Amino acid sequence: MTTLLKIDGLSKTFGGLAAVRDLSFELKEGEIVGLIGPNGAGKSTAFNMISGSLTPTAGKITFAGEDITGRKPSHVVKHGLARTFQSATVYLKSTVQENIYRGALCHFDIPVWAQLAQTSAYKAARQKIRHEVDKVLEITGLAPYRHEIAGELAYGHQKRIGVAIGLATNPRLLLLDEPAAGLNPEECAEFGRLLKTLRDEHRISLLFVEHHMALVMGTCEKIIVLVQGQKIAQGTAEEIRNSPAVIEAYLGADEDAHA
Amino acid sequence: MNVSTMTENHNKGARTRAFDQAPGNAWKAWIPALLVLFAIPLLLAGNPFYIHLAVLICLNIIFVNGLALINRTGQLSFCHAAFMGMGAYAAVICTVRFQTPFLISVSAGVAVSMLAAYLLGAVILRLQGVYFVLVTFCFGELFRLVMLEGGDITGGANGIANIPPARLFGFTFDSKLSFYVLAAACAFLSIVFLIALFKTPKGNSLDAVGDNPDLAEASGISIQGSQTFAFVLGSAFAGFSGALLAHYLGFVSPESFNQHISVAAIIMLVIGGRGSVLGPILGALIMTPLPELFRSAIETQNIMYGITLILVLKFLPMGLVGIGAKLRGKKGQP
Amino acid sequence: MKKIAIAGLLCLAGTAFAQEELKIGAIVTLSGAGAAWGQAMLYATELAADDVNAKGGLDVGGKKYKVKVVPYDDKYQAGEAVTAANRLVFEDKVKYIIGPVGSAAALAVTPIVDKNKVVMLTLGFTDKALGKDKAFNFRPNLTTMETSQPQINWIVKAKNIKKVGGLFPNDETGQQIAQDLEKAYSKAGAQLNAKEFFERERVDMMPLLTRMMAKGIDAIELDGNAPGTAGLIVKQARELGFKGFIIRSGGPATPEIVNVAGNGAANGMLVNTPINPANTAVKAYSDRYFAKYKKRMNGFSPAFYDGTHMLLQAMSAAGTTTDTDKVRVALENIKDFKGILGTLNWTGAEVYGAAHQISAPFYIARVQDGQEVIEATCSLTECK
Amino acid sequence: MIRLRAFGDTAVDFTFLIGQALTNGLIIGLLYLLMAIGFTLVFGVMRVVNFAHGEFYMLGAFSAYVCVTKLQLPFLAAVLATFILTLVLGWIIEVVVMKGFRGEELNGMIATIGLAMILQNGALMIFGPDPQSMPAVAEGVVSLGPVMLPMSRLYVVAFSLVVLVLLYGFLMHSKGGRALRAVVQDIEIANAQGIRSQFMYPLGFGIGVALAAVAGALMAPVFSVSPSIGSTPLLKAFIVVILGGLGSIPGAALAALLLGVFESVANPFMSSSFSDMLLFGFVILMLIFRPSGLLGKAGR
């Protein structure tokens, strides 16, 4: 398996305060990696730097062999690195299928004049996008809701739409920001199955930041533990469970671990 | 609560259509309605004052359409009148000093507006939205000052008078009625262009940025790229309307493009309705002739505008277009 | 649009009596910067209309016409003035327009009135407002072009002034007046060697005054400024310790200036005024103005009162209210009109190419305790 | 034509020029400061660009005018009354008008445009378009060498400084002030700390607009009073907050004083419209290179 994402000495300081210090790790093609840690450990900061929303103070991010440090999200996603948001982030006023359609526009590069003139190349490209939208609707199980307004659906469905939008950009790696937050146990288990399917059937690697221990332990092959901006442990679920450093850190912040 | 659900209902209809149907289908409904609308003033041809108002309505439709386009990506420009002025001055200077044909002058006006919008947009669209508001406001003021200080080139505060009327393919648009036909055709084309644009994926991505910029950026639609596109194109609309206006009135001066005009455009947009093609048309149609009712009592007019603006924002955030949606929503529910 | 039509019909219905109606349009600034002048013009026209209506109407060709004034606000914007003019000419079908106030507006409106043969009495100070090709434009008030030279000649000589500083608003009126005054001062042997332009809304004049005073000027020129602004300049100049003369070569507005500057600061100011305080006719007009509008009369008002009367007289003389070519000629032919300002004639053939500029007596006054004290009486050629 | 001034024609006393310009600039800078702090406060609390801010300056000027000339109140009492009246008015307006737009920045901002139209034209209806003047607080001139300092302006300086000290005390040392600052910095954290933001919105808006009104009241005896006087201070407040960085009160303070001094000092060397143009150019350059303002941290 080749290395898909390589994080090298990543740091970020806010007004003299270090949120992330010298973070390094690798993610191989086809892996599911979890990034965990107590509140304020710098998980979201790291996540935002990788997805391009924040510019690192120092360090390097390499994705599929290309240096993407400091590139904007819209640029990064075109290289196959998509993200979802912590809270349900969808186009509230649009239908489910249009939400996904907008994600699928990621690789749509027909110039505006050709769109207006409705050239045959444009028509073909549009047809292709429709198929992709249908495909994503099937994968995520959202097909029955395709004509519903996203904002009117239940929270769990909205989170699913968030993932669907990310999927529609045709990513090689999907970054998920606390996908389980706000879901009930049933929805959560279903979500875990969806993630497995994505990797197993659609060859999409996953990196997610999560509080929900059961989901992380059950899904991830590799877990990275962040405390106070620094990586204190890395390994399989079993290794992490037994790591003295992790136990110590989590005892101090017990509530977070079970949140 | 009621309002929001109904607005969403309306949206559902509109959005589904935008996505599902091939572009062009909905035109069948739009075009005849628009043509009828634009033909009405011809019945009033006997009174040149009505034709004058109709010309102003058409020019305002183009002007506000530009602002609506910018607003659909989530930004509100406070220097829209400056771009109108830029188009007007550039076109007039070409016509008067270099004796270029009307078509070339107008193109030059539009090009200047677009270039200026691109340069300004490149700087300020990197920043948060609120800076855009503040800077565009200041830029509008800067434009007026530059025109005032422009000496012989811009005619200073006196502006430039005796601009020859528009001439196209050997025909001179020197009567109100003939100019109305030109202005109506241009307004019509600007509307059709917007309808067509918002049926394409590009138009959809502009809406995506307006609805949820972070999500759009994360799924590959560049905020800055989309907003710059809309700002440049929207300002081109403004420049175009300015170039037409100057050739219609035969006169330009800096005061015709001050902040009040930008704010007037915003009022038309908000009252007509944001986020739809119909909104700007409705806004221009209603708000252009309305001041005539208050011609000799301006204070009352402005206070009414202020109150209307706040009430519309509060109870009809979709503008007057929202009323239609509301009614439809009521009928739809058993 | 329907609404307007209905509103228009209602207006007509309200006044549709047997008596014929003569409508005079007014494009005046009623809000914003030029409102003081706009009101002065509008009220003058209304008072003149009251005069003839009180006598049962204007007698033209044996018919009695009731005069009605239709005022529209142009917000001191040329574009708005054009719309107002269109409405007056095509909707209200007026043949006579008083206004506009601003020069830019006057220029913008001119093509419409000329094309439709509408007689226009404008205040616009620009030299382009009148001309051979602008047959229907008249100006019933004196401008800097007329008054500055004789007045400045007298002041420069009598008060021994060498260096003058001028503050002007950065708009068409200010730019025009600065140009005229510069020429007039140099002809008179003095120099306008500090010119400052500022945004019309500006209220802090100290930096500008500081700079001018550093140049060692003997006098400050206030012409071209709105009354309130002029008052601020006077106040702040005196606060800065300016001891020289303060001159206003045009734009009569002494009460407003004194109101803002205060009696003390305004003392000794030399102003142009079209009104001799000893003139009882103007005094009576001023009292009537105050009684009706509860406002003090602006100095331009009597000129438009006389101007409107001249226009009405021209209609009577021409025997028509509709054939404006005849009315225009009749207006041009009025000689030695006895107005409240004195004996009035048309002039300006050499300067503008058309004798459509009023010639009226005017005065140089010194302000003392808020009142004007006449120092010299002027004609367009000299002051004594 | 752009008129760049040269000193060729006349001898100029430079000490007088610079000294006078500097002192005048500081005085005007204080006015901008009051305006900009109020503006920043409103923006910080509500995230709304308040287009009616200049109209509160105008209302403050009229309030002082009416208190002094019609009600014969002493100037100090007039300023105090203005502050209280506009604080209450601001509070009411927040609850009645602005409350519906919390969290909707763009709509809130457009609503303030409506508000500005109502206030300005309401004043026009009541007071008419003509500028009014009120008696100076103090007569006379203090001279420092060649530099003349009108007493009326020195009074304004003294009053402004008192207002600023009081504001500083309130923001730094009172419970309400600290809560307000916390809301300005980060509303979510403030909420987490148990600050009742429901109470902070009207308080922040009220104090913000009352500061603008106090600026208007202080300037009323120096300048004239008319319904249209609000637009220039509003524009200056915009420039100050762009230069100082949005939401930064120290940044606003520095930028306001610098702006006042720049305008006054630049004037002897160039025409005022040219210095305005230069200023706008500088604002745009500032946005390219230091978008977070003079004192702000770099970054988006």
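Letters are used for the chains, namely A, B, C and D, taken in the order the chains are written, and counting of residues starts over at 1 for each.
Definition applied: contacts are C-beta pairs under 8 Å (C-beta built on N, C-alpha and C of every residue); 3 or more make two chains touch, one makes a residue touch a chain.
Computed from a predicted structure; not experimentally measured.
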Chain nearest the global centroid, as defined over all protein CA atoms shown: B
Distance-maximising chain from chain A - centres being C-alpha averages: C
Gap in Å, rounded to a whole number, between the CA centres of chain C and chain B: 37
Between chain C and chain A, distance of the C-alpha-averaged centres to the nearest whole Å: 72
Interchain centroid distance [CA atoms averaged], chain B/chain D, Å: 33
Computed distance of Cα centres, chain D from chain A, in Å: 46
Shared-contact residues (touching 2 or more other chains) in chain B: 145, 148-149, 298-299
Where chain C touches two or more other chains, by residue: 31, 170, 199
Junction residues of chain A - those touching two or more other chains: none
In the complex, chain A residues that touch chain B: 51, 53, 72-75, 77-78, 82-83, 85, 89-95, 97-98, 101-103, 105-108, 110, 112, 115-116, 118, 126, 129, 147, 149, 151-152, 165-166, 168-169
Complex contacts: residues of chain B adjacent to chain C: 44, 47-50, 52-53, 56, 145, 148-149, 156-159, 161-162, 245, 249-251, 253, 255-256, 258, 260, 289, 292-293, 295-296, 298-299
Chain A contact footprint on chain B (complex, rising order): 8, 11-12, 15-16, 18-19, 23-24, 193, 196-197, 200-202, 204-205, 208, 211-212, 214-225, 229
Contacting residues of chain C [partner chain B, same complex]: 1, 3-4, 7, 30-31, 71-73, 75-79, 82-84, 86-87, 89-91, 103-104, 107-108, 110-111, 126, 128, 170-176, 199
Interfacial residue positions of chain D with respect to chain B in the complex: 1-2, 43, 47, 49, 97, 100-101, 105-107, 109-111, 113-118, 120-122, 124-125, 235, 238-239, 241-242, 246, 273-274, 276-277, 280-281, 283-284, 287-288, 291, 300
